[in-house]
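Have a look at these structures, which come just after this line.
Both of the next two complexes hold chain A, though its partner changes from chain B to chain C.
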Partner chain A sequence: MMLFKILFRNAFHNKLRSSLTILGIAVAILAFGLLRTVISSFYAGVEAASTMRLVTRNAISIIFPLPISYTEKIRQINGVKTVSYGNWFGGIYINERNFFPNFCVDPTTYFALYPEFVLDEAQKKSFLTDRKGAVAGRKLAAKYGWRAGDTITLKGTIYPGTWDFVLRAIYKGRDNTVDETQFFFHWAYLNEGVKRIWPGYADKVGFYMVGVTRPDIAPEVAFQIDESFKNSLAETLTETEKAFNLGFIAMSEAIVTAIQMVSFVVIFIIMAVVANTMAMTTRERTGDYAIMKTLGFGAKDIIILIFGEALVITFTGSLMGIVLTFPAAKIFSRELGTFFPVFLVSAKTIYMDIAAAFLIAFLAAIIPTHHAIRIRIADGLRRIG
Partner chain B sequence: MTEPKKTIVEIRNLYKSYHRESLVVPVLYDITFDIAEGEFLALMGPSGSGKTTLLNLIAGIDKADKGTIHVGGIDITTLAETELAAWRANSVGFIFQFYNLIPVLKAVENVELPLHLTTLTKKERHRHAEMALTLVGLSHRMDHYPGEMSGGEQQRVAIARAIVTDPTILVADEPTGDLDRASAEEILSMMERLNSDMGKTIIMVTHDPRAAARAHTLRHLDKGYLNHDAVQNPL
Partner chain C sequence: MAIPFSYSFRNLWKRRLTTILTVSGMTLVVFVFATVLMMAAGLQKTLVETGSPDNVVVVRKASSSEVMSTIERKAASIVEMLPEVAAGNRGQPMIAKECVVLIALKKKGAGQSSSHSNVVVRGIGTESMELRHQVRLTAGRMLRPGSSEVVVGNSIAKGFQGVGLQQTLTWGMRTWTVVGIFDAGNTGFSSEIWGDGDQVMQAFRRPVYSSLIFKLKSPDAFDAAKTAIENDPRFTLEARRETTYYRDQSRVMAKFLRILGLSLTIIFSTGAIIGAMITMYSAVANRTAEIGTLRALGFRRRNILLAFLVESLLLGFIGGCAGLFFASFMQFITISTVNFQTFSELAFKFTLTPGIILQSMIFALGMGLIGGVLPALRASRLKIVDALRAT
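Let's turn to the complex of A and B:
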């Protein structure tokens, strides 16, 4: 008990040094937590992917479309429950700064495949019956102050011209891991327009979303779909939604790796700072440790004192950092919500913060402790005075 | 006829040298002498004569190169590090020139510190520490930190810490070296009382003649050699 009293008081004896070290740790853990959350948000789509859904796209590249006529053929494959389809629209709202994902989809089947998008029944009905109708996520609607009934105009980038939609429904996520920043409208509405401006590109879809009856048959269904279109003009590549989303992340792997490295560099830097603090602290207390050894305390007690002090300092800072991560993530999410639609501090991130705190304390204390234990009492006592 | 006093410390053919990289610096040569129980011995000599080294060896905080030291019948030169630590905790009380109190502990907590290595309960430890502080006249300063006390008061706390475990011997290294005259006199009187009233064996290193004058026996060291003639203090 006395040892704990000493180590706690030692930790805050030099108030300025301890405060600055704790502040440094708090900022480092905050930065580490945010960077880990950024990485998690890259994988949010993968985490949210359903094992019951497959994505079918053109085997050459996703930029090449597939004929709408594949719908019926896919539907007839054993194990297929629902088939939906859509296109990436890539429209701009007012200007390029207002980015949000926007798709045209087959409304009935698409929302049947995505039960995590929760729609009010009346609004849903209104959307389904209006060819120009659109659905926006709750966060997206809130960001631009949209309400049901508002007309929203998007400027086409892939499909030229301006496209007017009437916002008929606002969806909510079933839980906080669901992206609420997307915008959907009727594929048929787009197709009508395309027929007018680019007849050759009409009746094409960018992707099929396929719902399977059981998750365990998904690989077999994927195989069957691709087999069905082998040697056709537009061969398909079907994969699970998770694999499809991972493919997107692979494109930005260098960025994710860089963020990961920066997060570890932050921990390494703060480890050096804490190690320096512990080295100074231990050198100052060489006399105290020598006295304790003189009185009969052993190496184990000195280890408790130094490691304990490092843990107290590191955990105080880490706790502050962890607590600050939540409001910081909220601000981050608000400001960059369209880039990181699901920006949640996960339990895994908190565990990593705690593990980092342990690692910092342990590595920072190891050399000073070794030194304090090894020093002869007589040499330690000579340092006093 | 008075009964001869029992020997509490028996030192035989003690050698000690320090190693500085490849350099070997001899400090003590063939030291042999006894200290009787209840003795108040002053070890004197010029700087670098090996007084503190000899005191450290007797107190078990340094290891001799050769020779034996028996304290209370135990040859401490044969004890392993952990055994030596346990022996020090039970048998030796330390008083240093710079008091060496733990700055983050209150006076009473500093005195209690060595008792944490005993089987005493929290209550008993506190009571013992209070008694020791009362004995050195500091019952009113129990909750003060070392930084809030004068040098003399800090040294009294150190004395209380030294005696609280009721050790076999008390070792004091220049106990008045950092004190003004009045405080030094107070500390020396206290040590004298510990010796005369409580029968504590005290081994004190000093080069202050006024401090040495309080001891019963004086021994001189010079360049690592002990003057084998112990001088009875004329005072």
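Let's turn to the complex of A and C:
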């Protein structure tokens, strides 16, 4: 018991140094936690994907459309429950900085496929009946101060011209993992406009969303869909929603890997700082250790003392860092909501924080402990710190 | 008289373990700082070198990349006849009418279907090679016009499956044979596949061009050409110099990398500064008696302040040099990722520029300075009598 008392006293003996070290650890753990959260928010779309949904797109690449006539052919395939479709619109609101994802979809089927988008019944009805109507996510509407009934104008990048919409409904996420920054409108409205400007491009969709009756038959259904359009002008590629979303992340893999690597670098930096603190502490206390050895304390007690001290310091810092991660993540998600629509600190991140703290304490204490154990009593006593 | 420089240096040497630990923290911070800046610089350099200032790119108004743009054949013929377009040695206009699409290809070394990436397929015209001096064929031969043959950029040949010489690709219900591999140096063209323009348009059922690239008769004819194209009521096209066009494509990505890099390094540098502070405070505490002696010998407060500041700047300097040393090895690495703006694959190298070296060194010395200021002030404020009394 007395050892523990000494250990705590030692840890806070040099107040300035201890508090600086603790501050450093807190900042590092905070940075580590935020970076891990950035990575997990990259994968948020994958986590949120349902196993009941398939995505069918043109096999050449996502920029090529599919004919609308595929709808009925896909619906005939065994195991298909709902077929919906849509296009990436890529419109700009006022200027390029105000980015948010905007799609045109077949409204009735699309919202049937996405039960996680919760709409008010009256609003939903007015959206479905108005061809110019649009639905925005709660966060998106809050960001630009939109209310139901407002007119919103988007400038088309793929489809030239300006397009007016009337916001009819605002959707809420069923839980906090749902992306609330998207914007949807009627596919028929876009198609009408396209017919006017480029008649040849009308009646095309960018992707089909296919709901299956049971998750376990999804691979079979995907195969069947691709098989029915083999050797046609527009061959299809059908994947589960999860695989489709993973494909997008794989494209920017280099960046995700870089962030991942950097998140470990911060742990190394703080390890160097803590190791430095421990080296200084033990150097100053060489005399103390020599006295303890004379009194009959063994190597084990000295190990407990030094490792304990490192643990006390790192854990105080880590705790502060972990606690600070939550408000920091809140600010982060408010400022960068357009890049990371879902920004939540996961339990896994917290576990990794704690593991990192253990690692720092352990590695930082090894060399100083080694020195402290090896020193001979006479040498230790002779040295004036 | 100032305290000699060697005093500061020897002090660092005396406490090697502490010095190494502090410096290694700073090294890592400078390494991250320099690497991220090198990434942004490399991306920008690649895209800027892709363009040439004599060339003009024409795309449909408001389309942010060639893939989104559509230009009717009629409009293309009108642009072709502009007096600002240079003439080639056979008198033909130096203009390439190109069709650009994206195809999904599988990356090398990845098994599952999810690791597709979007690769640019450019349907070229007869003048396309002439207009891009950076492009050289390194293996095989050039494609024959009017055939289902393609040539592949070296970054794509290296990074993707099934695009080696004599291998075949299938799109648009046709089989395309890879007959050559070209090297376009450090430019975006190295990440593209080139085929015959008319064949590509036919295969993808896209009866329109994506972009027109032409050479100016003289470099200052740009404004005249721009006015002529953008004021013509028969179409809605816009003209940009090729250099500007490609620089615009790197903007979002480079900005993203810079913001990421800066916010990371600001957080990280806190750790390194604290490390330096701990080291310097303990240096002052251990040397109290020594400082007293120096003051008794007649050294002034400012000499003491300076000596400790030099010591901590030295820490920063070593950290900066070591960080840059390691970062310079990153130049051998090429990374390939999707450019958010064009949604297509782009390979680029980490590039170390003199500006980055300067910024990194200033950053490293700044960390040393901030870490050392408070301890150095404490050292210089010590009273002689108290300091001498300390053991």
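Here, the second predicted complex is superposed on the first by the 383 of 385 C-alpha atoms of A that agree within 3 Å, B and C clash if a C-alpha of one lies under 4 Å from a C-alpha of the other, contacts with A are read in each partner's own complex, and residues count from 1 in each chain.
Please note the rule applied: contacts are C-beta pairs under 8 Å (C-beta built on N, C-alpha and C of every residue); 3 or more make two chains touch, one makes a residue touch a chain.
These figures come from a predicted structure and were not determined experimentally.
> So, A:378: does it touch chain B (first), chain C (second), both, or neither?
A:378 contacts chain B only, not chain C.
> Considering only the touch criterion stated at the top, classify A:9 as touching first (chain B), second (chain C), both, or neither.
A:9 contacts chain B only, not chain C.
> Answer with first, second, both or neither: which of chain B and chain C does A:265 touch in the superposed model?
In the superposition, A:265 touches chain C alone.
> Taking the superposition as given, does A:294 touch the first partner, chain B, the second, chain C, both, or neither?
first
> Would you sort A:275 into first (chain B), second (chain C), both or neither based on which partner it touches?
second
> If you count the residues of chain A that each partner touches, which comes out higher, chain B or chain C?
Counting residues of chain A touched by each partner, the higher count goes to C.
> With both complexes superposed on chain A, which partner does A:20 reach: first (chain B), second (chain C), both or neither?
Second partner only.
> Can you list the residues of chain A that meet both chain B and chain C?
Shared contact residues on chain A: 384.
> Quick check on the complex: what are the chain A residues that touch chain B?
Residues 1-3, 5-6, 9-10, 13, 287-288, 291-298, 376-378, 381, 384-385 of chain A touch chain B in their complex.
> Can you check the complex and tell me which residues of chain A touch chain C?
Result: residues 16-17, 20-21, 23-24, 27-28, 30-31, 35, 59-64, 90, 96, 155-158, 160, 198, 200, 231, 233, 237, 239, 243, 246-247, 250-255, 258-259, 262, 265-266, 268-270, 272-273, 275-277, 279-280, 367, 384 of chain A touch chain C.
> Quick one: which bits of chain C touch chain A in the complex? Just the residue numbers, please.
For this pair, the touching residues of chain C are 17-18, 21-22, 24-25, 28-29, 31-32, 39, 60-64, 67-68, 70, 101-104, 107, 110, 112-118, 171-173, 204-205, 207, 236, 260, 264, 267-268, 270-272, 274-275, 277-279, 281-282, 335-338, 340, 343, 345, 391.
> Inside the complex, what are the residues of chain B that reach chain A?
53, 56, 59, 61-62, 82, 85-86, 88-90, 94, 96-98, 100, 102-105, 109, 112-114, 116-117, 122, 161, 178
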